[in-house]
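Structures for review follow.
Each of the next two complexes has chain A plus one more chain, namely chain B in the first and chain C in the second.
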Partner chain A sequence: MRKEIKITSIVVLVLVFSLLLSGSVLAQEEDRYGGTLNAALQMSVAHLDSDNSTDSMITAMMNHVYEGLFEFDENLNLVPHLAESYQVGEDGLVYEVKLRENVMMHNGQTMDADDVVASFRRWLELNNGGQLVAPYFDQVEKIDQFNVRFTFEEAYAPFLNILASPVSNQKFVVRAEEVVEEFGSDVIDRHVGTGPYKYEEWVPDQKLTLTRFEDYTPSSREGSFFAGERIPYLDKIVFNFIPDAQVRVSGVQTGQFHFAEEVPRDQYQIFEMDQNIKNEIIYPDRMSMLIFNNAEPPFDNKYARRAIAYALDFEELGYAMIGDQQFWRLEPALHEDGNPWHVPDAGEGIYGVYDPEKAKELLDRAGYDGQPLVILSGQDNQMERQGAIAIQDQLEKIGIEVELQLFDRPTVVERRSREEGWHMHLSPFIKVVPDPQIHEGWTGTNKWISNWDSEDSRQMDQIFAEMLKEVDQEKRYEIVERMQAELWDSVPYFNILDYSRLHIRRTELKNFQAGWQPFFWNTYLE
Partner chain B sequence: MLFLKRYKKYEHPYITASIIILIFLVFLSLFAPVLTDYSPVRNNARNRLQPPSREHLLGTDQFGRDIFTRILYGIRTSMQVGLAVVLLTVIFGGVVGVAAGYYSQIDRVVMRILDAMMAFPGIIIAISLAAIWGAGKLNIILALSFAYFPKMARIVRSSVISIKDLDYVDSARAAGAKDSRIIVKYILKNSASPIMVQATFNFALAILDEAALSFLGVGIMPPAPSLGAMVTDARTYMVVAPWMILAPGIMIVLAVLSLNLLGDGLRDLLDPHLKNTFQK
Partner chain C sequence: MRNYIIKRILLLIPIIFIVAVIAFFITNLMPGDPVRVILGNMATESEVARLEQTLGLDQPLIVRFFRWLANIMRGDFGDSLYLNAPVAEVLIKRLRPTFLIAILAEILGIAGGMLLGILAAVKHRKFLDQFSITLSLFGISIPSFWLALMLMYLFSVRLGWFPVSGYEPFAEAGFGTLRYIILPAVTLAFMQAGLIARMTRSAMLDTLKQDYIRTAKSKGLSTKSIVFKHALKNSMMPVITVIGHNFAVLLGGTWIVETIFVIPGTGFMAINAIMRRDIPVIQASIIFVAVIYIILNLFVDLSYAFLNPKIRYN
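Coming up: the complex of A and B.
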């Protein structure tokens, strides 16, 4: 009898404890809900229709409202998001995508193949990413309510990566069919997506307000960056547009904002000392590119271009251009360490080899006549302005005459598009590139502003054409290795180093992950 | 040498103070290469943002350049710009002012054009011209001279008008003197004091406006040192490296203050209406 009582009391105790425990876990989970998040972003946008613009800020904010069929996780792995699964035909021409069922949209309907097909057609026609795909694409069709088939005329290996591209606004997102029909190719200003937050209000040049979508249907996969489960803990997210960096900083210091984008890196120590502020360094983020005008002497000769790589002390440039060492890394490859396309031995023997004597020798070999070299650069961005000044200094130290031309952004864009009047130009590139094919946009015969037209450039075109057709990952990686080798041999442009932006947030904002674009699902306020 | 005589008589404190500061600044800018071993433009980025020390008296900037050196050369730039602008405004303003004041036929036309130019604040004209022509020392000098010369022309003109009908000018004319002789020998010589005062103020204004234009990014082209551009650059580092903004800021204040004091003092000395206020 006594034994029974003992056992029962133990059982009861265990039960009570477990109830209490589960209760407190539940309560903790409940506590996370609520609150309005105020974020300070650097630049305002013209509108919120990502297909109609290349301004990546649109996608950064509207990622909360719209979702893609596929999204990238922390390690740049492609994960089905609104898609359940997919199959690629053997010849690489047909992609069959199965959609997740019962995904609610902001208009109260469930998302189905019609929404995907309508959104895709618009993306293909208007979006910069869609236009990359379009020449090879045949048609998109609905198989049944939750199955869609994409057919190509020619194999196009990077298709899925471009669908989820983090570059510019290339990502394909699913909008409600009714909205696509209503607006056609016009700029959309009624936003119906599947995301964890709904569009509430937009005051141009001032703020964008989003509210929680109560019927949101999260993915069942584990949350990681843009992929997997997204939980909308916050009631509201307000994006404020604050162009002045110091105003963003003091807003976070006083508690007006919970998050500020791109703040001066040299104030890192001050934020570090502030107990209410956490630094967020973005990795891999950006690279600084030195682009040559390949049409004008001396840089119509590849030996002159190689000479500049030998003439520059990259490490010294890192300090002058960016500053504190934790914000920059020497990296010869176009893809960062950890990216599946990273080529570790790219640029061996030339990247980061500081050898002014060799530089002079190569310049002589290229027949350089001592004319002043013009560096064209922007003056509003720290990397561009300070980088140009530092490069001028280094070249002048070894006796090369340099003329510095610093202008505002529109003037720089106009001047660099000309075939003459400049020799070198510094530009920041986004480092998070999920597919090597994307480099084709600015690498090859007369691509972007390089004015590169020679045997080498045509060889590069050939490499990209092969890369496009190769579906096998390993063989494709070998092509990427060849591309990197060719790039460091003929050097139409080169990446000096990778660098990071610094964001700051209040410590009461929890569970924040520093992605290439800031996002606030899964974050909560304490 | 009216000026020296009066200065001896009154020992104007403003003038004494300003001349001491000015001599100091001119000394710094003239002997810049002797006073420092560093180059104003060569980088040493591994040594960036160093606080003041024995090697770097005023610390280093974001490129690791010695701030003391950059200030010396920055003052040099300011002085060059100021001097050149004053020379150009005196020449242009003088010619236009004399022509308008002496030859009443063209007076109306010329003065209305100058009035129209003076309707805009000088710095606005200078910014627009610098933006159109592009940054650079020469362009800044031309833009500022263009912005300042109408006022100089006006001052010269009024002084020419008040002198040209005086008895001694009439008698010179009656004696058969040519226009050029009358203008140079009788009129300009006697209108020297307002021109001098205005020129001093222009000098100060030119230094300040050069700093302002460089601050806005349309002035002296980097990496050439300019006090205004140094202040702009320092803004970002104000919290972590306050020495970057203090030194060039103080130098601008000193230069402008001393020139303004000098101008005020000169006016007190040379203006006949204020003659008696400073008697001991």
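Coming up: the complex of A and C.
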């Protein structure tokens, strides 16, 4: 009897303790809700319609309003998000996607196959990512209310990765069918998605305000970066557009902003000493890419392009263009270490091998006549400006005459699109490229601004054509290795180094994850 | 007088026409492609061509010029390439914060500048004179972007009195709007006060040497009465000229302070338009500043007649 009482007492105690604990956890969870988060972003955007622009800032903000069928997690694994599951046909031509049921949209209706089909057709027609897919695509059809079939004319291996791609705004997001029908190909300014936050107000050049979507239906998968469960703790998120870096900093120092994007790296130590501020170094973030004008002598010859790689001391460039070493690292591969497509031995024997004598030898072999080489670069961005000056300095040390042309962005964008008038151009590239096929957009015969048209470029086209069709992951990786090897042999452009921007946040902003695009679901204000 | 005003207003037409022609060709000949800026880094040539066609930028320059001229005569400045809205509508929306800042800066500048100028003239070659001259020299010399950041650091970061950036319209925030515009206005007022102080001082010194001032003194009038009743009014002509001309300069100054404090006025709009090569907005901004400048000049000229009855416009 006494034993029974003892056991009962223990059970009661455990129950009471558990109840108290769960009550306190619930209370803690409740406490997280509320507040308005003010984020200071550097650049405004023209509009908020991601299909009608290549500006990735649109996706970064509207990720809170719209969601994809698939999203990437922290390790760049593709995770079904609005999709419940999917099947790929054996020949790689048919993708059948089962949608999550009962997902509420901001117009009070549930998302279904009609919304997905309408949004996909628009994406295919207008979006930069859709246009990559379109030549190989056959049709999208509704199987039933929650099942959609995508059929290709030819196998297209990177399809799912491109659907979730954060690069240059390629991501496919699901919009309400009624909105797609209302706007067609015009810029959408009424936003109805499935995301944890609803569009409230857009004041051009000033701010975007989002409010919590009370009927949000989160994914049941564990939250990790863009994939899985998203909890909208904050009542409102306001993205403020503040062009001046020092004003963004001051805003965080005073508490007016809880987060500031891209602040001066040289103030890192000041922020370290401030108890209210936390530094956030983003990696992977950016690559500093040196692009050759492959149509203009001497760089119409690959030996001249290789010569420049040998002529530059990358480490010295790192200090000159970025500064503190915690913000940059030498990385010859297009995909960072940890990315499934990372090629560890990329650029072996050429990347980071500082050999001015070999550079001169290669320039002679390329028939370089000593003409001044024009470096075209932007003057507003520290990496571009400092990098171009440092490259000029290093090349002049080995007797190459260099003319530096630093302009504001619109002028640079116009000049580099010409076939003549420049030899080298320094440009920041987004490092997070979830599928190697995306590099095809700027790598190959006459792609982007490279003016690369030779036997080598056609060989590269062939490599990408193979990559496109190969659905087997291992075989596809081997093709990526060949692509990297060809890239370092022909050198139409190369990555000097990977570098990171510095973001700062207030310490009262909790649970923040430093993703490659800032996001604020799952974060809360203490 | 009426004929003079009508003549001056009619003269506005050829002047604005010349400004418009210059604005059109300068903006279209400046380097930088708006289409590529709008489409972003990775735009393809076909996308560029498609947008050029949509925006009418594929037409020859001369065709675009006459089309544009015909439109602005009807008050249609075209659509902003970036904001997807009529330029006139965008401009009107942005006028209020700019004028609020400029008027507040002008009031602060006139009050501060005239006070310093009068003090300097009355206390000629004394400490207050030297102090006023030095202070006004600072006002003129300090770059407004630096001063703006320093004021922000002191009053927003250290003291927390004002927000570092942003703007709430009067309709929503009432007098709370002042919190957002005081620092930008004080930044601009510094330069304005410097110029007005120097001009007031020198005009007052000239006036104080006049015979009628000596007569007033010998009659036993108080210094206060001499300075404010007799000397000040007669010294106002050059000061008014400076104030009038500099109001337009002040509007130019708002381009910098609005950008730093992120005030959505015409200056912030114009700077953004230049960065993005939003040509219709740049053109409208140039014409807007020119019109303001011309109108202010007209007011300055007319105020001469008010201040000095000897002046007749016939």
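Things to note:
By definition in this document, the second predicted complex is superposed on the first by the 514 of 526 C-alpha atoms of A that agree within 3 Å, B and C clash if a C-alpha of one lies under 4 Å from a C-alpha of the other, contacts with A are read in each partner's own complex, and residues count from 1 in each chain.
We adopt the following convention: a residue touches a chain if its C-beta (ideal position, glycine included) is under 8 Å from a C-beta of that chain, and two chains touch if they have at least 3 such contacts.
All values reported here derive from a predicted model rather than from experimental measurement.
Chain B and chain C, once both complexes are superposed via chain A, fit side by side.
Contact comparison for chain A: of chain B and chain C, C touches the greater number of residues. Once the two complexes are overlaid on the shared chain, A:Asp364 sits clear of chain B and of chain C alike.
Judged by the touch definition given at the top, the superposed model places A:Glu201 against neither chain B nor chain C.
Using the contact criterion defined above for the overlaid structures, shared-chain residue A:Glu272 touches neither chain B nor chain C, since it reaches no partner. When both complexes are overlaid on chain A, the residue A:Asp337 reaches neither chain B nor chain C. When the shared chain is aligned, chain C comes close enough to touch A:Arg409, but chain B does not. Across the superposed structures, the minimum distance from chain B to chain C, using CA atoms, reads 8 Å.
Touching of chain A by both chain B and chain C, each in its own complex, is seen for residues 246, 408. Looking at the complex, you find that chain C touches chain A at residues 31-34, 36-44, 47-48, 82-85, 149, 152-153, 156-157, 160, 163-167, 259-262, 264, 268-269, 272, 275-277. Residues 44, 46-47, 53-55, 128, 131, 168-169, 187, 203-206, 240-244, 246-247, 250-251, 253-254, 256, 407-411, 413-415, 417, 427, 441-442, 448 of chain A touch chain C in their complex. Contact residues of chain B toward chain A in the complex are 41-43, 45-46, 48-49, 62-64, 135, 217, 221-223, 235-237, 239-241. Interface of chain A with chain B (complex): residues 245-246, 264, 266-267, 269-270, 315-320, 323, 379, 382, 385-386, 389-390, 392-394, 397, 404, 406, 408.
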